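As structure tokens, here come the structures.
What follows is a pair of complexes built around subunit A, which joins subunit B in one and subunit C in the other.
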Partner chain A sequence: MARKARATTPEPSAVRPSTPNTTVDAAPKATPKTSTTTTTTSSSSSTSTVNLSANSSPFAVAGAIWDKYQKDTPQRTKLIDVFLGFLVAVGALQFIYCVVAGNYPFNAFLAGFAATVGQFVLTASLRIQTNPANKAEFSSVSPERAFADFVFGSLTLHFFCVNFIN
Partner chain B sequence: MSTVKSILFKDPASTESTRSILRVLILLTIAAAAVASRLFSVIRFESIIHEFDPWFNFRASKYLVKHGFFDFWNWFDDRTWYPLGRVTGGTLYPGLMVTSGAIWHALRMISLPVDIRNICVLLAPGFSGLTAFATYLFTKEMKDSGAGLLAAAFMGIAPGYISRSVAGSYDNEAIAIFLLMFTFYLWIKAAKLGSAMWGGLCALFYFYMVSAWGGYVFITNLIPLHVLVLILMGRYSGRIYVAYSSWYALGTLASMQVPFVGFLPVKTSEHMAALGIFGLIQLVAFVDYLRGQVPSKQFNTLLRALVILVTIVAFTGLVTLTVTGVIAPWSGRFYSLWDTGYAKIHIPIIASVSEHQPTAWPSFFFDLNMLIWLFPAGVYLCFRQLTDEHVFIIVYSVMASYFAGVMVRLMLTLTPIVCVAAAITVSSIFDTYLEIDSPQESDDDSESKKPKKEKVKETGGFLSSKAPYIGIYSITSKVAVVGAFSVYLILFVLHCTWVTSNAYSSPSVVLASRMPDGSQHIIDDFREAYYWLRKNTPYDSKIMSWWDYGYQIGGMADRTTLVDNNTWNNTHIATVGKAMASSEEVSYDILRKHEVDYVLVIFGGLLGYSGDDINKFLWMVRIAEGVWPQEVQERKFFTHRGEYKVDHEATDTMKNSLMYKMSYYKFPSLFPPGQAQDRVRGARLPSEGPVLHTLDEAFTSENWIVRIYKVKDLDQFGRDHFSVSAFEGGKKKKGKKGGMAGRAAGKRGRRVARI
Partner chain C sequence: MGLTLRSVLTALISLVSLSQGISLTGPRTLLVLEDDVKAQFQTLISDLEARGFTTTTHTPKSTTLTLFQHEERVYDNIIIFPTKLKGLGPNLPSSSFLKHATAGGNILILLPSSQDDNVPTAIAELATQVDIFLPPKGFAVVNHFDLADQIEPDHNTLLVDLPSFPSDTKNYFNTGEDKAAKLLYRGAGLALGSSPLVQPILKAPRFAYSYDTKEASSFADDENVFSAGKQLALVASVQTRNNARITFVGGADLLADQSFTKVAKTNQMSGNRAFAKDVTAWTFKETGVLRVDGIEHWGEEFGKGVVNGDVYRIKHDVTFSIALSEYSYDHFEPFVAPADDAVQLEFTMLDPYYRIPLSASSSPLTQHKNSTTYSTTFKTPDQHGVFTFAVNYKRPFLSNVHEKRAVTVRHFAHNEWTRSWGISGSWPWIAGIWVVVVGWIGFVGLWLWSKPIVAEGKAKKKQ
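And now, the complex of A and B:
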């Protein structure tokens, strides 16, 4: 499948939590130093390595998040994130095409766009469900069950897409 | 009632398995009761399709089983809306017909060839049993299975739902309420578990609902509203994200497969709320993820601020897009939901439908009886526990209460939630008062976890009263409250049965009346007339009538109609209205241009049937006035004192209108001179009846309810019909032979035309 082949290609910059990433790439090293230590320190009880105060600059926060992401996220979840980024890219591409070149076979556009959006949310659901941090929330959904749900949802989604795309 | 009793008096030693068997038995009993009470109409009358819309659904179902699914999908119907035709396959909700078609095929497959008519007649009762089951599941998620069984029993017999689902009422609502409840159940399940599978199932049933009823918009807006309220309450969780995203992504895509819905979900304002919440929840999920990375207390406030900001931005964007015309504005029916006076001023075609009128308050009691006062208590109980699913009940009840107050028809969407809330109340009361032991704590805790067991021991509570308790723990108070509620429940069942058998079981195609000796007399004028049309007119003749009767003519008489109950073309309806409201000179022109062969009017003046065309006449005038304000004016149909009169005070415009003439043509000749009496309007008519020049009376039914006129052909000598009748009237006096002369005259007219 072409999609699978291309899934490996996108740049790291397409990864989801990376919107401020490009500007920050150089910053994370500097963040611990620049973070001003003011009185209202938040209760940072987590394992985050970076000490952030409430007044940290947005760049610092983003850099810290990026660092933590790189460090704490399991490899599988990162794979999911790459796929998510790919879907965002494809969706954005379709949308730009629709805006630039017109939406003439509207159902085809909708089907294609809905396929990416639907796949995105289903994958994001899978990511949320399998995240160990959310274990308490999803007491009845084991990771295997989550994957089965994901397959079921994707099959349904693509069935409707194929039907709709004409 | 027996079902409710059986919930209460169960074997105390019942284990979990016997309890579940009992539960199944009770549910089956409830389903049987639900089906049985809907069969009054078949027993009283016969197995017949009711009212108006069902006749179209029935006709479409017949088409489906005869021509197959694909032909049905591409069905262009040239026998309605003459001369325009209707793309029927693309302008209906196919869910109902496909369902009955599937049942028909399934029964044939197991060698049970059942007539499609019987399937159509019995579809609604069958699905009401399923609705009771769906309500049970839904309520079980809210409280427990005891409340679920009560809710199922309420739902099975509540008149508010029965009114739309008696046998023969083969309408979209017949299956839609089941789908509504089941979709909501799946939604609650999905939101509770946070499972994409339940969300996907919810989307599939949503798809079924979309294909079955236009009321799917209610779901489309209620679920996003639930999510929005949860987010604003700070109750966002990953479960909500999973459930909502999977439902929306799949459900919206699925709903666009229905041709009638098409691109509406991305283009109209009614669906924008769901889309907006979908976008919002993505943001919220992302922010929530970030918060997991950077724990800080400020984040919560930031999140809430973000939500509010996005909502405002999205709303403004929506308004801008609507104003600039990218998104279609709200449809008229939705405006009339917010401003009850809107439809009457701007869209008379919507206001003219009786089920779009605001609800009168007694009908709440009539349709829901004691449930209506238990309903607020149930909502209050939801507030006390307030988990995510209780928020759903609250949101649902607020919205549905409002809509039910605005439109009579939407009583139907209120009924399920009233049943659920009332069941929660009653079940809580029984939980509290049927406890054998008085608890040590305050009575709040007595709403215990195992209500089944406590209920079970009620009899024991009566007899083994050892310690004298005071307050609500005393036997007296227990007996009083439980006894009172048992009586209420019995009264409720009696009321429901009475309402069902008396108010909601009339097919309205066949009318029933009582003879002086109390025996039932069936008035069958409609079918008599439609059968006459079927047998005595050419297959391709065009019948003009007011749109109410379009479906019935199409279904029973199988003749081409100009307008019908699918009111998709206002101008065409206004044309018919104009033809009815204008004088003969103008009307004849319209009739010729539309190649009308017969004109059909409903007249109740002889029998006292109040739903006749003269009473609907003002709507015809109004709708026509909306299109031709110069030519048709409502004011001219009122006397100078502003009264709507048909007697000698009637205005000239009224007396000259085609409708008036057709209704009262030869009517006075039934009575002694000067005694002609219109029983509906209680008016004494002038002894000189109206004269028709361009129409011939072709048929009048036994009780004069249906009158059919044949449009005269053009005169062979090129004269207009007025000079013809003047000429004939002057030359040779045609004797009037009383009431029956009409038929003779009809035949004579046709003979003249043929020569």
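And now, the complex of A and C:
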């Protein structure tokens, strides 16, 4: 649906200069025609370019983001993101249980919920420190060092949570 | 320790008295009476002596009479008989009676039966001080509806039923054989104040009233009626806070020989003699005296292994028991609380957290001879601090029981809380922690396994 709707739009080249995507200029001629004929632009394209305009539908934008993520994100960062999603799910379940079934015993709720929150924070830190895109900012912290810190922090967190839940 | 000492003393005293009845206060009794009055009370005095009282007689004006020697009571009990004198003499001011009562002595005061006789000033003062009010001279109680003797013109002699009390009060004043006997009474009566220490023993019949015989010989109206009906007490008593007893008898004839006769109307013997025994026995502490034989408390933590310990824990079962016995003439016997009354335990920290009835225990921890063990088991409140087991049993005609035992109630020790897995509500959160831990281990494993290729290439270059 989204792709067909894009075909009826006016000449996209008219608004192209305002587009922030700098990679679009790499294949200016292919843009109007490929969008009408092929539905999987990202898989066929050799670059990470997705042809978007200011009038692109939100689904197209989301799809483009997803494609770019799939393409550009390192394997380990993806693994971190999966783990982060898992932690959010577990934390949300515990919080919903607390709301539905009551907070007794409260220390157990605190321990269980804090385990997910704390682990999320530590993992997010690991993601920031090991992301190649942030290398400039963390030049003094190697990914190995970051991972060692992460393991140490996590073990400490688990120790405290298990103790706190009694 | 005090209990054992007291029981040894009691045993000694009862040995000395050779199984005669004996007052708990002591046998030394002072009779304040004039010689011409003594003849009217021969039976009362001889009955007292037969029960083990040693009597000393003094006239009110006696100069050798003294109630205290070396600041010790000389007499245990005092009976003041009616006198024609306006005052009792220099050795018997009203303060001396209060001092006697403060020192634990008992006093029985017989007010004159004849409206023409004076009440000594010291006696009137004493009565006012203990919240009992006497009518002025010239007052008499009459009852025109229930005549003791048809030929008596003034209707001044009353027929009064023996005392009866509500079912939550013990009756020590109707112990004679004939429960339906009538009492013959002649006198002015008493009005009682609102002091909780004052108790009426004998009340006037419903239609009786006390009126001024001088002012209203033909009829009585509001102005010259002192009191009437059940509001009018004939015999009343004060038990002081130290359990001394001061009894006022509104008309001395109640205990006089002339009343220990047949009642003309019913042709039955009057109940006066038995009533005289009951009143003197109660006033002089031969009856109605409670003794605490032992207090024991123990808790769930140590069971009966630690009795009367200092520390209990919150939310633990605690058992408290108190052994009570009651004196009856010459021996202590198990105290049985009246049917509608209960001995209560208070568990107090500033305020009572619990006030619960104690029930007679069938299997007390320690068997006390001749006493009833009242006990109860309760759970300590969820509040730590210094608590007091208190039994505050103060009832009409019984000596006061006010026992306190302070104990510490501690909170949970850190290892006494329920573990998390003992509470099913915490299982999801326990699971949450372990899911995170397992997930984390899996993540670490995957992380190490998925080492980036770029890094490998760089490492090779370096080597």
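Criterion: the second predicted complex is superposed on the first by the 107 of 166 C-alpha atoms of A that agree within 3 Å, B and C clash if a C-alpha of one lies under 4 Å from a C-alpha of the other, contacts with A are read in each partner's own complex, and residues count from 1 in each chain.
Assume contacts are C-beta pairs under 8 Å (C-beta built on N, C-alpha and C of every residue); 3 or more make two chains touch, one makes a residue touch a chain.
Quick caveat: nothing in here was measured; it's all calculated off a predicted structure.
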{"item": "Which superposed partner A:152 touches (first subunit B, second subunit C, both, neither)", "value": "first"}
{"item": "Touching partner for A:104 - first (subunit B), second (subunit C), both, neither", "value": "second"}
{"item": "Between subunit B and subunit C, more extensive residue contact with subunit A", "value": "B"}
{"item": "Partner chain in contact with A:75 - subunit B first, subunit C second, else both or neither", "value": "second"}
{"item": "First, second, both or neither for A:129, with subunit B first and subunit C second", "value": "first"}
{"item": "Touching partner for A:166 - first (subunit B), second (subunit C), both, neither", "value": "second"}
{"item": "Doubly contacted subunit A residues - partners subunit C and subunit B", "value": "107, 111, 161"}
{"item": "Residues of subunit A that touch subunit C when the two form their complex", "value": "74-76, 79-80, 83, 86-87, 90-91, 93-94, 97, 101-102, 104-105, 107-109, 111-113, 115-116, 119, 123, 143, 147, 151, 154, 158, 161-162, 165-166"}
{"item": "Subunit A contact footprint on subunit B (complex, rising order)", "value": "193-197, 199-200, 203-204, 237-239, 241-242, 245-246, 248-250, 252-254, 256-257, 263, 266, 282, 285-286, 289-290, 292-298"}
{"item": "Of all residues in subunit C, those that touch subunit A in their complex", "value": "417, 419-420, 423, 425-426, 428-433, 435-437, 439-440, 443-444, 446-447, 450, 452, 455"}
{"item": "For the subunit A and subunit B complex, residues of the former touching the latter", "value": "16-17, 42-46, 48, 52, 54, 61, 64-65, 68-69, 106-107, 110-111, 114, 117-118, 121-122, 124-126, 128-129, 131, 133-134, 137-138, 140-141, 145-146, 148-150, 152-153, 156-157, 160-161, 163-164"}
